[in-house]
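Letters A, B and C mark the chains in the order given here, with residues in each chain numbered from 1 onward.
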């Protein structure tokens, strides 16, 4: 049998379709290994479906590389962080630590948002104050935000720790106090009237630009080097803050862009590889395994067993899959393993019917007759003499079955019945569809997952086609 | 004028390597009302010869040429469409090997027999049916068979249908390609009698292709033996059977088991040659017991052994 | 075997399919407690109706409650709620067959009815329209090109077509639909032309008059139909090609040529006539996936047929509608299958008598 399989694989690698298929599959396996080692197992629950994990990402922006084809320069997403102060000023009454975050801003538009986060603040007696300001290329400085850590609670022992497990985070763009500060800046430096109310949500236009009546937003982006200064003032020398972070929200992001929650689509897509392969292969192996076993038993044993198995498979294989799959997933709950079990349940009978007819041909063959005459047991004959003759066909069918399972799961996910704890390509597409991304042209959200599904399915189809010649010798004469 | 005069007919098939020389310069003639038996092992190119005559070429056919004078007309000069309209079935029809697969499984056999009639003769349905039924009488088939489907017929009945079908347009010549080899011996005998009757009563000429030289001699006036795409011996049926001149024919006859003979049947050593690269010189020389000096070098010419009997052998060619 | 017996066996299998689906649905509903929920909802509905009626005649509040409690018990008994779920399986199966599943929770027909039968009666023709149109186009296209390809097997065109077939087979209906919507969006944003609407069945408001309305309908149906054709035409063409190619190698085709029949006749009355049954088998096998294709395509294009109804029922967690639709889709599939089986027997005499 191993020899038969080896010739099958040999033949597979001589055909172009087979070669392409195997190459694609190898790449997919490598990506899967990477995805599983680079991500936690509970990627879905802990990261993908946790909005907090993606808060600092821009929403609904295209991949970064699309900037190359875009006329004006779009903002690259940048996350600026510091843990050590650039400067420490001591005075008699307090200690001041200044954290400097530099960012180059050569873009033709304002950031989509800005945010500031602070991780860990520890003080002995009086809560420290933290101010955030920006020094612009034109030398002007804008104060943005001021924060005082929460005061000690009653009976709380010193030192007081704040923002340890959940960092403090403020979305500067939408913060009214920031709008007020920026309005004051515009009044002082550019003589504009008070507009703090209307600035909420668009302060970045002003912070990263200069007033320009001709522009749509009322501001023209100001290119150059910006420095964000975070000044923390402590009463005690032993007080400190951990990490400061300033995010300049980009209008493009990463390899594959982001969705409406700011999720990095590239990570979701990469994680989709092992999931798709697992669904496809487990289902295919189990379904063909059960199908082959039942087929051999049915064909070789004959009699009532045969009729029983055949009637049963006939009925089961004639059930239209998707409506039943929908029903069962809907009623039994959205769990990936349930879906896999259902796919196996409805997948094996087709295989049984085909294998049985092949067994009937083989059973009357000389090899089997000779073994029977020599007194070999039924199980031995089935395992040693019948199965090996089916092996290449079974293997080809297994490959052929894999994309069907992947496509079925994808369809189910698309209809909103995917397992939410495990992100799949179908689910990413579903979310893109449901939030209307399709109708507004967010192609990076809906095109890649679909393409990956098709390419994965196609990979297995190509491999199966490459093996067809082994399985169906008639095709060997047709090639040119 | 002979009914059929074939000169230097060739048909090769293209493969990845060298072409298969299935029919390689075959020449013979056939008189009106006579039957020619074409005898050879499987793979000797005898079926290809019939396909070449009918111009039923596979898609990989190359090197199709030579001269075929049928009824005084050079049919090789006709275009495919002219050949189809003027020659196929009207002048030259065929009974194919394996009647099992020669009938369309989803059409009633009567319809299949009548098809050529309805095509361009413009025969009406009733006339066509009348003709089919009379042909069924002729080949001794019950008339109701006309309304049956092929899978309802036995092998022998199917073959009779095929024979009836071949006669529907009154051709002068019918090529019979192994018409009996798939049948039981008893049915085979009935079939041979039917063919003999048709030959005698209708004066039809036959080319009878078979691997069974004894069967051929039963029906045929002359016998041609083919080996590796070439005709190696041609002569009267009696002569070929009793006084074969080519060593291959002799061995072929020796390989037939005989009930009354003391000797066991002799096998021909070796295997038929690969037609992509046939042996140099005489194609039979690697298996020939009499092989001598010129055999592996030069192709022997067709030499007369007796009056009206020729063989392609150096033994004969050098005697002269 | 006679025609009747052949048909009876096929019919029995298909009835078996329907029955198996019914049992599976009802057992799943029962074992998971969903059937209790559904029936209780129906009882609640009826009790609510009764309360309004009885409130007219019975003034005393306690008396009213007592009367309602009695009625409720009667109703629960008649719906079998007082028995274990497996005891009322037959009754439940009958209920599903009659689509007697109460009312849809939030879904409504155009004229405001939330009865499940009314919903299905409204949606069914729309789905049928979509699917039959697409099937006819696919069949016609596939036959034409399949035959074309079979005559030039191994050519470059043939290889391109094989690749297309494999791709189309791997192309999920919904993604194809989404791509088409994206494409129309791109055309709209670059050229300012709306080639096809991204969804729905009529413009809002629908145009007046028969012909403009029909044209509007066709305009809206275009993308869903294209999607359905796109996902099935590749494999369909490939099936036709392979069947025609295999049949063309048969001996009787050579015989037909030898008889002097012109190529057209050989193709029509010999090759295609014989290839028809296996081609039909391909159609039968593809049927199940086209049912699924319809559900997904309708969802993508917001085509208000049964498929979209399925999606909406899932979103609004309406198990009665889901059950009714599961049954209806199986019923449609089984009926279509049976029609094809009959057709098969008509075209293949071997099945009739063998």
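The rule is simple: a contact is a pair of C-beta atoms (placed from the backbone, for glycine too) under 8 Å apart; a residue touches a chain by one contact, two chains touch by 3 or more.
Computed from a prediction, not measured in an experiment: that's the story for all the values here.
Steps from chain A to chain B, minimised over paths through touching chains, total 2. Simply put, of B-C and A-C, more C-beta pairs touch at A-C. Each chain's centre was taken as the mean of its CA atoms, and the one lying most distant from chain A is B. Relative to the whole-protein C-alpha centroid, the nearest chain centroid is that of C.
Work out the mean CA point of chain A and of chain B, and you get 70 Å between them.
One simple way to say how far apart two chains are is to compare their mean CA positions; for chain B and chain C this gives 57 Å. Chain A and chain C have CA centres that are 32 Å apart. The part of chain A that touches chain C in the complex is made up of residues 311, 314-316, 318-324, 326-328, 330-332, 403, 407, 410-411, 414-417, 429, 432-433, 438-441, 443, 446-447, 450, 453-454, 457-458, 461-462, 465, 474, 478-480. Residue ranges on chain C touching chain B, taken from their complex, read 250-252, 254-262, 265, 269-270, 273-274, 276-277, 347-350, 353-354. By the touch criterion stated above, chain C contacts chain A in their complex at residues 13-14, 16-17, 20-21, 24-25, 28-29, 32, 34, 153-154, 162, 166-167, 169-175, 178-179, 181-182, 185-186, 189, 198, 245-246, 287-289, 291-292, 295-296, 299-300, 310-311, 314-315, 319, 322-323, 325-326, 329-330, 333, 337.
Across the interface of their complex, chain C is touched by residues 54, 56, 84-85, 87-90, 93-94, 96, 98, 101-107, 115-116, 119, 149, 151-152, 162, 165 of chain B.
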